[in-house]
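Below you will find the structure I want to go over with you.
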Amino acid sequence: MLVVMKTQATPEEIQAVCDHIEQLGFRAHPLPGAQRTAIGITGNKDAVERGNIEALSGVAEVIRVSKAYKLASRDVKEEDTIIHFQASGSSAEATIGGGNLAIIAGPCSIESREQAFEIAEKIAASGAQFFRGGAYKPRTSPYAFQGLGLEALQIMAEIRDRFGLRIVTEAIDNESLALVAEWADVIQIGARNMQNFSLLKRAGRLRKPVLLKRGLSATLEEFLMSAEYIMSEGNYQVILCERGVRTFADHSRNTLDLSIVPAIRRLSHLPILVDPSHGTGRRDSVLPITSPKRPSLTALNPSIPPSLSP
Amino acid sequence: MLVVMKTQATPEEIQAVCDHIEQLGFRAHPLPGAQRTAIGITGNKDAVERGNIEALSGVAEVIRVSKAYKLASRDVKEEDTIIHFQASGSSAEATIGGGNLAIIAGPCSIESREQAFEIAEKIAASGAQFFRGGAYKPRTSPYAFQGLGLEALQIMAEIRDRFGLRIVTEAIDNESLALVAEWADVIQIGARNMQNFSLLKRAGRLRKPVLLKRGLSATLEEFLMSAEYIMSEGNYQVILCERGVRTFADHSRNTLDLSIVPAIRRLSHLPILVDPSHGTGRRDSVLPITSPKRPSLTALNPSIPPSLSP
Amino acid sequence: MLVVMKTQATPEEIQAVCDHIEQLGFRAHPLPGAQRTAIGITGNKDAVERGNIEALSGVAEVIRVSKAYKLASRDVKEEDTIIHFQASGSSAEATIGGGNLAIIAGPCSIESREQAFEIAEKIAASGAQFFRGGAYKPRTSPYAFQGLGLEALQIMAEIRDRFGLRIVTEAIDNESLALVAEWADVIQIGARNMQNFSLLKRAGRLRKPVLLKRGLSATLEEFLMSAEYIMSEGNYQVILCERGVRTFADHSRNTLDLSIVPAIRRLSHLPILVDPSHGTGRRDSVLPITSPKRPSLTALNPSIPPSLSP
Amino acid sequence: MLVVMKTQATPEEIQAVCDHIEQLGFRAHPLPGAQRTAIGITGNKDAVERGNIEALSGVAEVIRVSKAYKLASRDVKEEDTIIHFQASGSSAEATIGGGNLAIIAGPCSIESREQAFEIAEKIAASGAQFFRGGAYKPRTSPYAFQGLGLEALQIMAEIRDRFGLRIVTEAIDNESLALVAEWADVIQIGARNMQNFSLLKRAGRLRKPVLLKRGLSATLEEFLMSAEYIMSEGNYQVILCERGVRTFADHSRNTLDLSIVPAIRRLSHLPILVDPSHGTGRRDSVLPITSPKRPSLTALNPSIPPSLSP
């Protein structure tokens, strides 16, 4: 259910509607828009009694959301969600979503302070706003390098201070989630954990933006339902990321499914990014797939290392 | 690396080799066989110095394991792993693996004591040895029924006492893992968590059998590597389960990939089960796919409800 | 549309209804059943005027077939289609469909008279009724061996005479179709030609059984529609064959999709065979996938060569 | 094998080498390049005796081509193949391949002269150089509209005269191939016929450009091998076309596999086009997928109808 408030509804009226919903035993999700605020209702098994809510002060109408995903749906919020990062320290203001081009770059793993700084310097020079490096690595093999952990988080915090880049890094369980939330600007949930619902809910209780990567064989609906898990706990700052799916094709490591971008944009207000590094899995395909018309970009920024980790 | 002990090696000699390996900073995994014991070595980045170990008392030879999975490989343990369940209380002895036919049946979710007992009675009468019911459900939607939790575990414990059925149920995170390990006989790790490596490692520290379901788009190697995660922590009682993979085919919910069974059996000593309920996702396909020659089985046991949950 | 004739309808009445349908500019497909005859109507874009046909002598009722496939549907013919092969020369009577087990075996390609006879002798001794050998090979590479052509057909005709085995072989175009129809007992249409509609229609004008293999990424509906192409031209002797589909799985050459068998049997009266050789693409998986309970079969008939050609 | 001629080799020397190869019973494929001519040798099962050929006048060297595809490989021809269409009548010069942007547009089927002309006028106004309309339709159902055939070809010939657009249309069998080759500028071989090797060889004997669409589950190597079939018969004017592959994803009709474009360009000199209409199967995804940066293109040319036929 969705409660649409009148354009002129006051903060007090909005709060009163939320209180009413919570008293009914449900959860209220106020979603401010450019023109008016809507309030999503979740946790209701049966239809909420519409009449009483419509009678509350400031309420324009109460509508049913028929899709399985509610808070992630454009039915509930028509305008694009834009994630804002305030200017602070050496970092300028930045946004993800809307018409702006956000670029996230960095190495698969943070291997050392030297390696990370060398790459970060080139990324900052290229104009990208976000630095992504692996501190906790979800490795297929238990015997592979599992990441530097906290040490890597501290190195990336230094990179933020020095280069003004925002930090994006992956959390893989409760312990790493708490640390990533403390040290980074964006919490990444990787493809293998897209349906680790326990982790999603825990990320939903935080108030940091979450970059949610599409699972290797996730449908569009499953992808949005995983975003809904995060949002249902009150964290509405979800950034989706297409990173390629698993198919029979063997010329690339994954098959980048670009057509999910317009499909998501029709159905959801959430921003969606594309990861051409994992999406192709080939260093020499990254630039052709991202800017087919500008092959000379290779020459301009030859040093941006595409990250090719799982 | 694998240390193969001589046939006549004593327990003391085996222990001495394990101690030596641990002193080198690696992990020793003694794997008893019918003829002799082998000791897997993990945690070594570089090749372990072979000479010193070969010189230890009771050692026949030290060999390199070239596959990515070590402890799960038939190179390391030639005989089939058989999981034994001792007779206790009303439960007779049971095994999974080897030439025996183990049958696991039950409802998607435990919904009530009555529902669970009614189904359990029919399962016990059919000759199946294991009861599986969902206590913690990994739901695609945050708004769907998430399972009865501890209450369901307690109901299933009663079912074990009453019908002598062993209990299999899924753990989805740290909290449920601890409870499932306490109340159930087999811990199920579901398809969506097949690469939740943090959960796998935690299950590896327990000493209860783990039923590991294949992920929706997992390759054979990834499947065995996930088993390896559990084994690398010392829990060697891993049961694999094929449950269908995701393909373009739309006549069934998943495509049951039966040919992985002989492929796994060539490469690994671990037992592998087949889940025809999820593997087809259609009630009327379960019996044809399991026993094509005996259509009358439907008539014999019409009441076994195939479980069709995710 | 489907015209269901009364149980006691005479051949003359059936013929009169067919004539009436053809006069309307449509095509009539009489489909004799155990109890009564049905007459499929194809070629009608709009609904055929039902009233006039229902008024004809011997007609029980006229019903609409809502599925995209008509003649292949169980709605049109409830009983299983069984393909009969009359006894003739050294060949005993044989059937495909219904409850009987039909076995087709043979080499990928006929390479020489000696090779073919050596294999055929073992196949005959094993009790199989059908010999399949490639005369015309649909090769991925234009530079690969393309088959012995007519010479292979002649060798297989000799095999029929000598061993009493029926001959199944693939036609790949108009020229080979004419020759295969002349020399063989069953015309195979391969997976790569499953949607070569021109070839399907041409096979539909013949009166020899057609073994239609499922395409590498064909859905159930596409598969039945290809059968419908053959049937719409008047050839109702279509045998379907599941031979594995293309997926991400890399432990087998194709993924054998066994669950299509019960799904087809629910929707269609046509017989469906399973090709475990192409379906797995691995010699050592053929027996485990076909008779998991009888591993000793390997020892009994070690010489049946699984055919593993494309 | 590949014979690389010296830069200054004369036409007579090239001809003499070809004659020599043909006398050995092989096939010679002279492939002129900007700097020098290479001559591909096909039809040789064993290695051709290299020494004798290297001794011929004008020969620089003889090299082995290790890939399965020979004439389609960049190893054999380093420069991009560009298909030239000479100016003639109302049609200006046009090219496919190299750095130019070739646009092909038109309706799924030619339904009438009026429909075709109305669409063609808008296509010509938009600046596209090629008109594609279906005359022979490879329909999944035998009961669906199969195209206007010759009448459609004649309508398209009129469109060429009137608007100067080149005509691209699909051939589906021998009969339609002969007619399409007579009336059109480019012969399309559709996805369902990508491995109809008989049709490919027949198209290889013509001297018209062939637009070869990727099969629904074709790997890169299979795709190039199908091009090789055409080329092995002497027709080197092959244009590849990515049109989406079949996967589990259900938000689009096919999954457009854009990363095959750089992969093909690394391995082959043949031009490759992208078909965003079939590749997504959704009218509202065509523009976002082709020019993400220029959403206003929709407004500029709102009338270009994306073709969405199979």
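As written, the chain order gives the labels A, B, C and D, with residue 1 at the start of each chain.
One rule holds in what follows: a contact is a pair of C-beta atoms (placed from the backbone, for glycine too) under 8 Å apart; a residue touches a chain by one contact, two chains touch by 3 or more.
The structure displayed is predicted, hence computed values, not measured ones.
S.K.: Measuring between Cα centroids, which chain is at the maximum distance from subunit B?
M.R.: D
S.K.: Provide the C-alpha centroid distance between subunit A and subunit D, rounded to the nearest whole angstrom.
M.R.: Taking the mean C-alpha position of each chain, the two centres sit 41 Å apart.
S.K.: Cα centroid separation between subunit A and subunit C, in whole Å?
M.R.: The computed centroid separation for subunit A versus subunit C comes out at 51 Å.
S.K.: Taking the mean of the C-alpha atoms as each chain's centre, how many Å separate subunit A from subunit B?
M.R.: The computed centroid separation for subunit A versus subunit B comes out at 34 Å.
S.K.: Of all residues in subunit D, which are in touch with two or more distinct other chains?
M.R.: In subunit D, the residues touching two or more other chains are 217, 246-248.
S.K.: Chains as vertices, touching pairs as edges: which of line, ring, star, complete or other describes this one?
M.R.: complete
S.K.: With touch defined as at the start, can you tell me which subunit C residues reach subunit A in the complex?
M.R.: Residues in contact with subunit A: 246-248.
S.K.: Give every residue of subunit C touching subunit B within the complex, in rising order.
M.R.: Contact set of subunit C toward subunit B: 217, 219-220, 245, 247-252, 255-263, 265-266, 279-280, 282, 284-285, 288-289, 292.
S.K.: Considering the complex alone, what residue numbers of subunit C touch subunit D?
M.R.: 42-43, 68, 70, 138-143, 172-174, 192-193, 195-199, 201, 216-217, 221-222, 225, 228-229, 232, 246
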